[in-house]
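The next block holds one structure in the form of structure tokens; read it before the comments.
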Amino acid sequence: MKVLPPLPPEIALDPLLHQWLLEDLGRGDRTTDAILSGSYSAGVAELRLKQDGVVAGLPLLERVFQKLDSQAVVKLFAQEGELVCAGTTIVTIEGSLAALLMGERVALNLVMRLGGIATLTRRYVDQIADLPTQLVDTRKTTPGLRSLEKYATAVGGAQNHRFGLDDAVMIKDNHIVAAGGIAIAIQRVRQVSPFVLAIEVETEDLEQVKEAVAHGADIIMLDNMAIAQMKEAVAYIRGKNPRIKIEASGNVTLSNLRPIAETGVDFVSTSAPITQATWLDLSLRIL
Amino acid sequence: MKVLPPLPPEIALDPLLHQWLLEDLGRGDRTTDAILSGSYSAGVAELRLKQDGVVAGLPLLERVFQKLDSQAVVKLFAQEGELVCAGTTIVTIEGSLAALLMGERVALNLVMRLGGIATLTRRYVDQIADLPTQLVDTRKTTPGLRSLEKYATAVGGAQNHRFGLDDAVMIKDNHIVAAGGIAIAIQRVRQVSPFVLAIEVETEDLEQVKEAVAHGADIIMLDNMAIAQMKEAVAYIRGKNPRIKIEASGNVTLSNLRPIAETGVDFVSTSAPITQATWLDLSLRIL
Amino acid sequence: MKVLPPLPPEIALDPLLHQWLLEDLGRGDRTTDAILSGSYSAGVAELRLKQDGVVAGLPLLERVFQKLDSQAVVKLFAQEGELVCAGTTIVTIEGSLAALLMGERVALNLVMRLGGIATLTRRYVDQIADLPTQLVDTRKTTPGLRSLEKYATAVGGAQNHRFGLDDAVMIKDNHIVAAGGIAIAIQRVRQVSPFVLAIEVETEDLEQVKEAVAHGADIIMLDNMAIAQMKEAVAYIRGKNPRIKIEASGNVTLSNLRPIAETGVDFVSTSAPITQATWLDLSLRIL
Amino acid sequence: MKVLPPLPPEIALDPLLHQWLLEDLGRGDRTTDAILSGSYSAGVAELRLKQDGVVAGLPLLERVFQKLDSQAVVKLFAQEGELVCAGTTIVTIEGSLAALLMGERVALNLVMRLGGIATLTRRYVDQIADLPTQLVDTRKTTPGLRSLEKYATAVGGAQNHRFGLDDAVMIKDNHIVAAGGIAIAIQRVRQVSPFVLAIEVETEDLEQVKEAVAHGADIIMLDNMAIAQMKEAVAYIRGKNPRIKIEASGNVTLSNLRPIAETGVDFVSTSAPITQATWLDLSLRIL
Amino acid sequence: MKVLPPLPPEIALDPLLHQWLLEDLGRGDRTTDAILSGSYSAGVAELRLKQDGVVAGLPLLERVFQKLDSQAVVKLFAQEGELVCAGTTIVTIEGSLAALLMGERVALNLVMRLGGIATLTRRYVDQIADLPTQLVDTRKTTPGLRSLEKYATAVGGAQNHRFGLDDAVMIKDNHIVAAGGIAIAIQRVRQVSPFVLAIEVETEDLEQVKEAVAHGADIIMLDNMAIAQMKEAVAYIRGKNPRIKIEASGNVTLSNLRPIAETGVDFVSTSAPITQATWLDLSLRIL
Amino acid sequence: MKVLPPLPPEIALDPLLHQWLLEDLGRGDRTTDAILSGSYSAGVAELRLKQDGVVAGLPLLERVFQKLDSQAVVKLFAQEGELVCAGTTIVTIEGSLAALLMGERVALNLVMRLGGIATLTRRYVDQIADLPTQLVDTRKTTPGLRSLEKYATAVGGAQNHRFGLDDAVMIKDNHIVAAGGIAIAIQRVRQVSPFVLAIEVETEDLEQVKEAVAHGADIIMLDNMAIAQMKEAVAYIRGKNPRIKIEASGNVTLSNLRPIAETGVDFVSTSAPITQATWLDLSLRIL
């Protein structure tokens, strides 16, 4: 089972959860406060899928309710990444009724958004499950949620691409123009970037592919190429250096994903599982 | 033209933009830094729609680039809320090439997400444009983005519902059960909530509607009722007190929105423009 | 018993307590550190009233000491909102002597300030205890302490008015002038504000009252009117729509509060319980 | 003229102002936004005293409005610390109407609270203006406002005592008991506290005074002593070492302040100018 | 045993530890995550000195690992300030392997830096251990680490000088010039600074020493004086007032420290134990 | 000329500078405030080297003074990375005297620390300047200063290694043991880490080198090997795949650096330029 970002939650996740709870609570849940204040009521809530989907984000939901009631007991009946049918109860939460009512919206918004992404990712991944090619995501993510949305694509079965502008070098067309060519661009990067960073070069034709190979790119992206051109590029690169990773990118859809993968590229990157995902429909019922 | 949330941007927006820029930049844009460092290059970028859509979020894009280059000149060729055709250039940005390259992803992610919401909202709103009924949003919003996503529904033509649990009282089924009835629930709220807050009661049948009217609800939500039942409820409420606002809610779609609105309710609330929206496709080209 | 703002304390209160403790501790309690460092001493402290007053803020005091010593045992001998006589011990705290010495000032400053407000509020509320009219507070609160000071007025027996500029609309004279009249002002608010927000209109004479009624104000404030004029306004509004809430405001004192309330208004708002309150005198003795 | 705390405002003051503005604005000024949005209006506001008082906090008011409108022009017609008569206009602000409406409450709350403190401080200071003794404040300050409230006592004519537990050592009765006597307490402090810190000892009788003198206290506080006893203590200390500073403390009022000062102590400390201050009544009128 | 800064760690230390852990972890420990994720492994780590040195910072190390694994058991085999030989195991940590791997670098960086400072401080202090003169540090500390670096000098045996510009007044040459002389400078400080703050005057010759004595300086710094001149200054000051503290400063080295101390000054201040310290070599081995 | 970390300073640097200025200023510069308050004085400061060294951090110094006086004019007479002789004036600052006095310590602490690192780095780099091998730093950096200390090693002529645990995978001995071998460790990393991350394997003997090569390591670290063994490893790796980067590590000193580099490794990593650096001696004189 895939786990949450490899960071201690107290340090990395809780500040976000606090921010999100305050966004919803504002100066406090006036309704729940008025109805319950002065007396403790226990409650049980049940989270059910209203459509088939791949579950993602349950550890977040768990932590939301534990923030609001440290005694809350969250029981999971599905695993992260599991494809679950509509109607299934995937979580029950026992805790104070106040905590259930105050945490419901934030917890569900997270699980619905991440589940939607995992579900759509799975549909893409399933297209190429028998091929060695892997699906990868992009930096088109909702501001503030990158780690979690990329976590959801991983839960759905994709690999992660860069998390930011700092964990790999990606030389794009504008960089090439600004530097005055692929050769000089790579050279400049070698001089000042941390030497451990991989250098990826975005190429638009075979000429650029050759130049990138010649100057030692670690990863070559074939951007928006036709299938035939991709095949040619893959053959060329494999012939020169089998360790160069090859990524295809550009207007990937559920229908063209497989042909692209069949060109033999290592990775196909697409933002679709994030930008085209709708929310996974869930309901939380308090019993 | 609708404007951004009514808060000074230095105080309310900038902390979020900083957080989002750091999310993308991490320890810095290694590529741009290596390619450009030590020399200033000017650049011009052009933002174009790749599909028809309603534009939203341009003031955010503007501020992102001005954060990165206080001299940047952002020219807008479309207004917030304008329906623009694919292929149209809606913004140009002149500034340092470094700023263009470093700000691109965050700025676009915002405009694509908000534009997607505004576009879908408009489709809903268009269904009932000739009726007095208004579309309203819900609290199903991406954590951390509520103000902006609700801004986008407003840009798209909807009205905003509650921004949080504190700016109106909403007595739901669980509250009614916990209190022991609508009457006692409303009474408790009256005692301790700020008196300016409206009291909305969620009702599931005519019995509850009558009880809510009898005890002075300001807003009555008809939750998941059949069309005929809604009509009956509307007639009852209008007969008792024409100032009570009536909201319909539950499984609203593009096809059932109009019949629901035709029951005469004041508002139809739905999360669809946010949870079902895909991103508006845009491209930023650096010239 | 009234409770603290309906927000999880870890999220909402603790950041403030940390800020306040650091304000007092600076780089640390040099005296206590030098005297005790290297050895643990237990202590018991006793909080006593030095004048009669209404107690408020004990949960804050409790949390301050528990922050500094998670083992501290705080026993309360009075309830929030209870009128207690001078000389009474209302709290004992058993814990590390270091925690008692380091937390004393912040804890007492909170309880003294809030107790002062609750005590003065009670004096106002007592004037009209037999009338249906309720006392309400205003936004004249110490910056940074609004939630807590409004909590104290509630403990003292008042109702809360707006907590900020966002949880109700209040159309004041300047807004009326800027809009060009009450009618257009209300109309503009209806168009862009969240529809759940109540609309209050500040009126200075009967003419304005009539206009506000005519255009659907939810709450009408009678600002600085003479008693006779208020009576007339109340009669007019009740005749037109018994659900409109009526608030009187302006130069309210202990002596004119009752006559104002006797005009039949629903609410009398005044900043006096906050701006005129002196601190409730308390002493914490370490035994 | 006394100035604000000696810290760069961008670093020290602005984070507080942002926090306070957000406290009042919440998710935004719904009224002003609705009335004005889409069009710029200029406005002029005039700040007038409604009672005689000593002015304090004008630089804060200035900065609040400049945060909200960087073009705002704030003209001051009174100086910090000036005693001004009721009815006098002390400030005019020209700027955007939106900024005036959004900043009004926070700005006034600050100036009213600080003016109230400065005014009451002045009344105390005036009692002993012809004596060499100085009035000093204490750590009984509103949490979050210590720097500003102590600034206000300075504006009113007092001297400041400790700002926190770290900028001087104060050995109180509990410390003496915990250490096992004044001698050992002072010795421990000497060992581990920064050597630049003054050591003040709180004494309750002449015995303790002698012990404190004998062991090198820099400042001796005479706590709650009778006038005669204080005179004796002052004489004793002056005879032993004229450089030891002497502070009197405990239940200081406007009527006993002068006799206490006449005992010849250097300082009389009291929390009254802060804990007994009511707010200075001011009104901001937008023209 | 000297303890950490006298502040509750949850409030003062943890925010720093979080910042430092995030600095190292970034978006997470990719290696450990990949190797261990999905399964818990326990581990034991052993911290050993690779050179002789004075140990400092163990409580920080302890807290780092407890942040990452609340069940971690940290056993200390050396005390803060103890001089330990190369090869000695000073700490063992039992906890989750993930926590050991993720916390290692931050914990060690702290203990190596602070140990280096404590070790060099001890070498200085040892030069004058038999004299009444004490070594004191300065404000030349690594930005962000002042409290901890000054803690390390204290662990090494030094006294602390000012922690910042606010806990004592230090009148330097530029202040004297700006004020127009020592007399006027002291007088201005007396007027506006909190009266508890000690006033130190930096002097360059006997003339200035005399002026400082005459106007009541509490501490006199002899800055960069020759040994003979210092002796003369000490004699002069002692003759006038034995309670004035005398500090020598300027280009202190291991070889001239003792002669300076033998002039009879109370304190010799030097930044060398911090600015000249190299890191104490340690290794953490996971067994 | 090398520039500061590639992040917008308002977002990345200023929060740190604010933290550091507050660390030094505390509640304000009491001395400067008392001496100057109420009157503006201009001043000129001159920064001079007191020993030969490589300059680093001047942009930081510039920003510190501009924070405190936006009108300050900072003139640089040396470039980042320039080796400058003792006695040379490298910067002059014209601005308010208050800003010069308040900013001096923080600015100098930064420039002295970073200059010390750049200077020592240069000494190492000079040993191998004629060889293709490059010096690289490590993660042994002062907590909170990693970006800046690594910036200083780059200014001194080194290359940067990983900035954190997230921008490359480094499989160390403990990881190998935990995984059960190099092969399985690499395989696990490939499955879950972002595919762009380079995989470095730490090896202790030729056996491990061969295994790392066989399983596709991108970078191989030769940890603490003898010179002969390193040569053998280099030959082996070059023979198998010339694109694998080779790093030598372990107990690097000024005297063994060159022989290590001469083995033909691409990189030699060492913490010495950071952990062994003393501060570059500088003085700021206000004229």
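Which chain is which? They are A, B, C, D, E and F, in the order written, and residues in each are numbered from 1.
As a working rule, a residue touches a chain if its C-beta (ideal position, glycine included) is under 8 Å from a C-beta of that chain, and two chains touch if they have at least 3 such contacts.
Predicted model, so just to flag it, every value in this text is computed and none were measured.
Common neighbours of chain D and chain F under the contact rule above are A, B, C, E.
Under the touch definition stated at the top, chain A and chain D share these contacting partners: B, C, E, F.
Fewest steps needed to get from chain A to chain F, stepping only to touching chains, is 1. Looking for a copy of the D-F interface in B-F, A-F or A-D, one arrives at B-F, which has over half of the same contact pairs by residue number.
In the contact between chain A and chain E, the residue numbers used by both copies make up under half of all numbers at that interface.
Distance between chain B and chain E, defined via averaged C-alpha coordinates, is recorded as 53 Å. Look at where the CA atoms of chain C average out and do the same for chain E: the two points lie 45 Å apart. The centroid of the Cα atoms in chain B and the matching centroid in chain C are 32 Å apart. Across the assembly, chain C contributes residues 2, 25-30, 32-33, 37, 102, 163-164, 166-168, 192-194, 197 that each touch 2 or more other chains. Arrangement of the chains shown, judged by which pairs touch: all-to-all, with no pair of chains left without contact.
Contact residues on chain D toward chain B in their complex (touch as defined above): 18, 21-22, 25-30, 32-33, 37-38, 67-68, 102.
Residues of chain E that touch chain B in their complex: 26-27. Taken together, the chain E residues at the contact with chain F in this complex read 16, 19-20, 23-37, 41, 43, 97, 100-102, 105-106, 108-110, 112-113, 116, 139-146, 163-172, 174-175, 178-179, 185, 188-189, 191-194, 197, 271, 275-279, 286. Residues 1-3, 5-8, 10-12, 147, 163-164, 167 of chain D touch chain F in their complex.
Chain A meets chain F in the complex at residues 2, 134, 136, 154, 159-163, 166-168, 192-198, 200, 216, 218-219, 241, 243, 245, 266-267.
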